[in-house]
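Here come two complexes built around chain A, the first alongside chain B, the second alongside chain C.
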Partner chain A sequence: MNRNEYKRLAERRAGRSPVLRNCLAAFLVGGGICLFGEALTGVYLLLGAEEKTAATLVTVTLIFLSALTSALGIFDDLARVAGAGTLVPVTGFANAVVSPALDAKSEGAILGVGAKIFTVAGPVLLYAILGGAVYGTLLSLFGWLA
Partner chain B sequence: MSRLLRFPPVYVCGTGAVGGYEERRGPFGECFDLTAEDDRFGMPSFEQAEGEMARMALSFALGRAGLSPAELGLLFAGDLQNQCVASSQGLSGLPTPFLGLFGACSTMVEGMGLAALALTAAPTLPSAAALSSSHNAAAERQFRTPLEYGSQRTPTAQWTATAAGAAVLGRQGRVAVTAFLPGRICDAGITDAANMGAAMAPAAADTLLAYFRESGERPEDFDLILTGDLGHEGSVLLRTLLSEPLPTLDGVHEDGGCLFYGEEKDVHGGASGCGCIASLLAAVFLPRLERGELTRMLAVGTGALMNPGELQQGGAIAGVAHLVRIEATGQEV
Partner chain C sequence: MQSFLSYLWVFLAGGGVCVIAQLLLDLTRLTPARVLVLYVTAGVALGALGLYEPLREVLGCGITVPLLGFGGNVAVGVREAVATEGLLGALTGGLRAAAGGTAAAIVFGYLAALIFSGKPKRL
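== the complex of A and B ==
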């Protein structure tokens, strides 16, 4: 068996992730998180918050809960089952920032947490900000021309 | 040219093994000298915890050999952390001459082979030890994602063992190391870091083929042919590669990665890490040879030679597999 044949055999053999099961788990857990968010919105509205403020408060609450459960070591256990269900909502982003920070704690506040907190979320931040800047420049340019 | 290095027997005088919490709950939990309730082993970081495990494993092995650290002639040790700091930090302060090794997860067998060669080459050397460790949390952090990062593992992904194993070799004992076959670097072009078994299987096959070609022995001459941490995926690939030249391998082959956690744990492809075969040898198989429950075995340490940066630059994962032949002598010491 030559190198290419072996590589093909190994790739063909490697078990696929159970896509259907993962999709179902993602749908249920992700849906559950969104449902919880809706319920929270209701609560904040009841407490007298305006609609826009309530939405912000829900986001902040979800981020806080993700950070807390990450620190308690529960988030990754849920995510192992839920996959995209916990990754896609704002919960995934919060976990992506908190988990490297937790890891880097042993290397200190500056070169540890400070330098490594965005190792996972960094690409999202960079290209989101860059995309925003490009879009904003184009918008103002064409807006001015028009 | 022959790759098989045969020498007059050198003997296993003492072994020691330490494991973490998952290892305590695994099928060999009882066999370890010590398993911890907490994977930090009382240290401030997981990295230091690994060094502490290495230090403890060596202490147990020395205790069993009846040696003080000052009486140990030479120490070969290595791990998975950058520049092998688990070994150097954990073992600093020892009076023993230290030779650091990196053979990824093949390090323990590499160390045993080198310790045997050193004893053979230097008649004045009384004893030499091989030691290797890995820590799941330290390895995950270095090679994969942050510990608490929420993600799904692929079916072929393996779980780095939190374990350390040590073996002291010397001039007397009931278990003899009689041959060493150092492996070649085998690059099969595998680039998936979640499928290291596939990257290591060709190296294990190459080493086993060379061994049986050069020794004239056959797989059925052994009670056990133990590969290090090919996992479920790599084991199947190894048997596929060797089904024609060594059809009788199936009956005697076991893989440390498949055995280590049994079926219980959500480890997908099996265990991996330097500590996997090191602790299995030290805690389970060398004692079985000593008790006469096994007569003759081959230990094949399998290592995946890579780092994450090299993979991101488009490189592949090379494999290497070293082999030692170990047998019970049946002698009383």
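== the complex of A and C ==
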């Protein structure tokens, strides 16, 4: 059975994915994570952090929690139900860093963990930096969209 | 009441952003990795068009926590760097603005891989 045949078989067996249920789960979990972030922002502001620092602290905290729960295998359980609800928040970015790194442990510290840690983070960083560089160049030379 | 409403906006925006991604996953052939790249690029575009900051003002973590915020941050950082450093800012501003999240993901990711063993695959 080649790859395409397998894919067709898997799709037939899986049937139509319950889109509405998936969307509801993504909405509740995704919204919930953002709400948690907002509450956390309030806590950091209360502790005397500046607005910009508080935002970075929230990102770092969410990434830490995702890394921890990913390593413990809890994240995957939640992600299976929440779908895009855990993928799209920065939690999904963190999970995409940790999971390949964990899986590649047996392949060594350099080309295993060292390289695989960027499997998904690499493309994300690349296109973010590339986009920023294009924008910055246009902005600097032509005042953006001249 | 004011603060309840602002939390409601955060929840609705964050949830809505995720629903769009879920629809892309369910109804198109886009993989999760492609959705992430799409979102971060869309965030850069929002920032470049000057829409990210006003959205952030109203939606708070509803837009900063999704990966859109990572991209938006990069664009805003580039703009600030270009204002002070000129063309060089196009290269320095983005990573500087994204430094916290990027380093956190790499450091915590590495530590997680170091401390924990690969989890058994559950099917």
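By definition in this document, the second predicted complex is superposed on the first by the 129 of 146 C-alpha atoms of A that agree within 3 Å, B and C clash if a C-alpha of one lies under 4 Å from a C-alpha of the other, contacts with A are read in each partner's own complex, and residues count from 1 in each chain.
Note that a residue touches a chain if its C-beta (ideal position, glycine included) is under 8 Å from a C-beta of that chain, and two chains touch if they have at least 3 such contacts.
Quick caveat, the model's predicted, so the values are computed rather than measured.
Trainee: A:89 contacts which: chain B (first), chain C (second), both, neither?
Mentor: second
Trainee: With the two structures laid over each other on chain A, which partner does A:103 touch: chain B (first), chain C (second), both, or neither?
Mentor: both
Trainee: With both structures fitted on chain A, tell me whether chain B or chain C touches more of chain A's residues.
Mentor: Touched residues of chain A are more numerous for C.
Trainee: Between chain B and chain C, whom does A:55 touch in the aligned arrangement: first, second, both, or neither?
Mentor: second
Trainee: First (chain B), second (chain C), both or neither: which does A:78 touch?
Mentor: So A:78 only meets chain B here.
Trainee: Look at A:129 in the shared chain and tell me whether it touches chain B only, chain C only, both, or neither; answer first, second, both or neither.
Mentor: Only chain C is touched by A:129; chain B is not.
Trainee: Intersection of chain A residues contacting chain B with those contacting chain C?
Mentor: Common to the two interfaces on chain A: residues 17, 22, 70-71, 73, 76, 83, 87, 92, 96, 98, 102-103, 106, 120.
Trainee: Quick check on the complex: what are the chain C residues that touch chain A?
Mentor: Residues of chain C touching chain A: 6-7, 10-19, 21-27, 32-33, 35-37, 39-41, 43-45, 47-48, 60-62, 64-67, 69-71, 74-75, 77-79, 81-82, 86-87, 89-91, 93-95, 98, 100-102, 104-106, 108-113, 115-119, 122.
Trainee: Touching chain C in the complex: which residues of chain A?
Mentor: Answer in residue numbers: 17, 19, 22-23, 26-35, 37-39, 41, 55-56, 58-60, 62-64, 67-68, 70-73, 76, 83-85, 87-90, 92-94, 96-98, 101-106, 113, 117, 120-121, 123-125, 127-129, 131-137, 139-141, 144.
Trainee: List the residues on chain A that touch chain B in their complex, please.
Mentor: Of all residues in chain A, those touching chain B are 1, 3-4, 6-7, 9-11, 13-17, 22, 70-71, 73, 75-76, 78-80, 82-83, 86-87, 92, 95-96, 98-100, 102-103, 106, 119-120.
Trainee: Under the definition above, what is the set of chain B residues touching chain A in their complex?
Mentor: 44-45, 47, 141, 145-156, 188-190, 192, 195, 198, 201-202, 233, 236-237, 240-241, 266
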